[in-house]
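For reference, the structure I am asking about is given below.
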Amino acid sequence: MKKLINTPDTVLADALAGFAAAHPELAVDLDNRVIARGSRPAAPKVAVVSGGGSGHEPLHGGFVGPGMLDAACPGEVFTSPVPDQLLAAARAVHSGAGVVFVVKNYTGDVLNFGLAAELAAEEGIEVRTVLVNDDVAVEDSTWTAGRRGTGATVMVEKAVGALAERGAGLDEVAALGARVNAASRSFAIALTAATVPAAGKPGFDLPEDEIEVGVGIHGEPGRRREALRPARELVAEVVDTVLADHDLTAGDEVIALVNGLGGTPLLELYLVYGEVHARLAERGIRIARNLVGNYVTSLDMAGFSLTLTKAGPELLELWDAPVATAALTWT
Amino acid sequence: MKKLINTPDTVLADALAGFAAAHPELAVDLDNRVIARGSRPAAPKVAVVSGGGSGHEPLHGGFVGPGMLDAACPGEVFTSPVPDQLLAAARAVHSGAGVVFVVKNYTGDVLNFGLAAELAAEEGIEVRTVLVNDDVAVEDSTWTAGRRGTGATVMVEKAVGALAERGAGLDEVAALGARVNAASRSFAIALTAATVPAAGKPGFDLPEDEIEVGVGIHGEPGRRREALRPARELVAEVVDTVLADHDLTAGDEVIALVNGLGGTPLLELYLVYGEVHARLAERGIRIARNLVGNYVTSLDMAGFSLTLTKAGPELLELWDAPVATAALTWT
Amino acid sequence: MDVIDIPLVLAWVREIAAAVEQQEARLTELDSAIGDGDHGSNLRRGFTAVLAALDTLDEPASVGAVLTRTGSTLISKVGGASGPLYGSAFRAMGAALPGETADPAEFAAALAAGLAAIRKLGAAEPGDKTVVDAWTPALAAFERTADTGLAAAAGSAAEAAAQGVLDTVPLQARKGRASYLGPRSVGHPDPGAASTELIFRALATALGRLKPSG
Amino acid sequence: MDVIDIPLVLAWVREIAAAVEQQEARLTELDSAIGDGDHGSNLRRGFTAVLAALDTLDEPASVGAVLTRTGSTLISKVGGASGPLYGSAFRAMGAALPGETADPAEFAAALAAGLAAIRKLGAAEPGDKTVVDAWTPALAAFERTADTGLAAAAGSAAEAAAQGVLDTVPLQARKGRASYLGPRSVGHPDPGAASTELIFRALATALGRLKPSG
């Protein structure tokens, strides 16, 4: 394993200290592992809190700031944060209007956020949870853990953050989050496995000419293994898989995220975006807004995910609203 | 070789098409391979043009926009752009106040920009060249090709772009670029080799427990091979190497760039930043501004570079000036 | 009289911690195959914190106090799926054992309460390829053999848990991360089931080593 | 009479293109060792464009016109260090050969002008581990043997270039990317020197195959 770390046990603490040093405009609680905005809102507003295992940077800490999250809780690598941490975050940013938890749908996250929500409620902090579960690689069934939350987290956190900033009420903000999630689908392909520091070696072995199709963001293998093919063909498969599960028709507009999994050069991500753009254009679907880059990563995994969120005027307006975070900034 | 590409020969054309599709706010000339701002300045201003081989994204195309570059010319992967391209860029953005070429010091770049400057001069376009040569891994000697240009390109392009935006004259802008370059030093460490698409395999073999120290951004091996060590020790070596060639003393302020080479997760880069911050603090050097992320990459190479630019009030003001590009945005 | 007392329950938890420490790499390897490669480090982090927490717990008032503290610490320190699940299980066992000692039947009831907590929180059914598939047969074996003495019951529970782990191999996961693999989750043991086996083995080890004092 | 005419110079350039196409991987491999792994693809891209440019060049007026067009195309299409260097060399050779034919002495002068252009632009001295280290001995051999006939002179130039490539192996690079490696550049042949050898070999091949018409 080759990593720029001190010891596997101290990765999170060390990286968080670095994040705090790099972002003096944020309030980073190193003990509780909470990244929060540097200043409290002037008037009560719904606070948006997210979190999840580390190794997905810039998610979620990179999205804390005006217009997006109020706080983020990084767990250990690929391990959801603990309830204490989430409760500390809720306490830190609650300004009287309640808290929305944005939770990617993984058993660990659901359980830990769930326990935290109970504890917060006991303290009189009203909590609503927005579950993100956009990954069409996973069958959606009530008998299983259900679909994973991946790239759509960016769209949900951006939209929910923008609406909260405008002073919308707790239920309204939570309902929007659910709508954005429902309008989003993702699918990912990996060219290499990720190496969890504590594991010390790649999560799976992949021959030089094979890829994993339908991977998540935790280094787990995908739904199947395939031969590596030209980007155009891979993208065609990814786009078609996403569309097959989507309710998009010609004339619809989307926000598209071509997301790097951590080890893929931006040059390739732009190339992929070009293919996505062309494939969608063939089907009459217009990309109204896009992001190309590393946003929801899986440590050093090479590969990409595509997220398409159907976007009407409401969502586009929220998307365009100003945001000022470490990873996403516009005016 | 595992890459999200169609064919090695079409990487640049395909990626540039994707970049153009992703950034409708920019004017991308796919034939001439010029990325320019979407609109011409209201009044004549010095135009800042850069360029270089591809594979370093977001450099340079990601820095085109208000407050930074007027145009960028991507060459083939790791190959400097050709004079025709640079001339087309100069023509496209020249508004009567002359053109500054920001050139990383590599033989190919120097020669091609040099030929382009001659051609532009023949057309009556005044050109000044700012050479970036910040990499202390390379001996600085008049008998050799001299030091490479790496991370400092970001500082130079940001400062020069901001000053040009304010209406400063051609010589003034070029002189500032030279000053920022002179105030900057960089050093890099690689954990893995990069794979050039046309080469099809990594530029060098590196055992699981070894690193290359003093690498550039073109996948070439470094000055020497060492054992992989904890990040704290590696960073100490990098910081000390940079400082040994710098004129920084306790009380000085710097802009620090902890730059990923393409394959290193942001989590690790923040961890590295934390170590850099601590090491500099021990020496009484304060990081006034910082960037942590992938800015000057080397395809899929894992590793990082550190750039320290000594910064007085003038440079900090230019650094803080608004910028709106694909890769760098603030207000 | 064959009872579990406070020293013994402390010894149990310490045995778990020792086993987790020793088996960390194996648990992580199992989790790498069908999960995200952190189960070993998750539990080691948790039980390291538990040991520290128990050191500061002076004079626990009951058997349950030890287990409740263990569970709370796991919840506070582990994260992931296993943190809340095991944490809740230990808290539920703690709540079920308010006395300074517990007899085999009481202890069996506590183990049952632990399983109930896991199932309530995680909603996993037997056969979903989770900790439930080791804890369920272990509990059944313990209950079946409780009147043969605690050590023997714990031993048979550990064996049943081990069998439960083996029985997860052919299963397709329906809960937890392994479920994302669909049919590719078949052919591997469940990491959580494997750590549950460790928990029951640790009980047998503690009981075999310490002569209960009660 | 032993002269170089327009068909022959066209054949030369086409032989270079064929050699570059065939040797692309080797050139890139040499460049991977001490450079950035693109020398082969750079030159292939360049000479592919040259072939297309020559196809559109109808009725070149002089030997030099072919070489000038070759050089301009290389400058426009290659980029990197080798594009301007080889491009300028071919342009300089073109400027030196304004007639419809060139005799051995005129051609030797053109080769010298090519080297001068490379040295002016790149400022490399012999021994810096660059194309100069193949072109310089090749030129000297050509000059020395020019009166033995063009084919023989080109052959000895190619051999001298080959020796020049070998002689770059022990050198530490002082120009181009390989200079960044410092002492680690020692022990490898220079990729640009290797492509210069191809250029001279192609000349010998073209001269050996085509009976000059002049």
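In this document, chain identifiers A, B, C and D correspond to the written order of the chains, with residue numbering beginning at 1 in each.
Just so we're on the same page, a contact is a pair of C-beta atoms (placed from the backbone, for glycine too) under 8 Å apart; a residue touches a chain by one contact, two chains touch by 3 or more.
These numbers were taken from a predicted model, which means no experiment stands behind them.
Peer 1: Kindly list the shared contact partners of subunit A and subunit D, in label order.
Peer 2: Of all the chains present, those in contact with both subunit A and subunit D are B.
Peer 1: For subunit C and subunit D, let me know how many angstrom lie between their CA-based centres, rounded off.
Peer 2: Comparing mean C-alpha positions, subunit D is 75 Å from subunit C.
Peer 1: Just the number, please: Cα centre separation of subunit A and subunit C in whole Å.
Peer 2: Measuring from centre to centre gives 32 Å for this pair.
Peer 1: Where the centres are mean C-alpha positions, what is the separation of subunit A from subunit B, in Å?
Peer 2: 29
Peer 1: Could you please state the distance in Å, as a whole number, between where the Cα atoms of subunit B are centred and where those of subunit C are centred?
Peer 2: Averaging C-alpha atoms per chain gives centres 54 Å apart.
Peer 1: Indicate the residues of subunit A shared as contacts by at least two other chains.
Peer 2: Within subunit A, the residues that touch at least two other chains are 77.
Peer 1: When you check subunit D against every other chain, which residues touch at least two of them?
Peer 2: none
Peer 1: Determine the shape of the graph in which chains are vertices and touching pairs are edges (line, ring, star, complete, other).
Peer 2: Chain contacts: open path, no cycle.
Peer 1: What are all the touching pairs of chains?
Peer 2: Those chain pairs satisfying the definition are A-B, A-C, B-D.
Peer 1: So in the complex, the part of subunit A that touches subunit B is made up of which residues?
Peer 2: 1-7, 11, 14-22, 54-55, 57-58, 62, 77, 191-192, 208-209, 211, 228, 230-232, 234, 258, 262-275, 277-278, 287, 290, 292, 294, 297, 299-300, 302-304, 324, 329-331
Peer 1: Okay, in this complex, where on subunit D does subunit B touch?
Peer 2: Within the complex, subunit D touches subunit B at residues 28-29, 32-38, 40-42, 45, 75-85, 121-122, 174-177, 179-182, 184.
Peer 1: Can you list the subunit B residues touching subunit D in their complex?
Peer 2: For subunit B paired with subunit D, touching residues are 8-9, 53, 75-84, 106-108, 111-112, 114-115, 137-139, 143-145, 148, 196, 198-199, 201, 203-204, 216, 218-221, 223-224.
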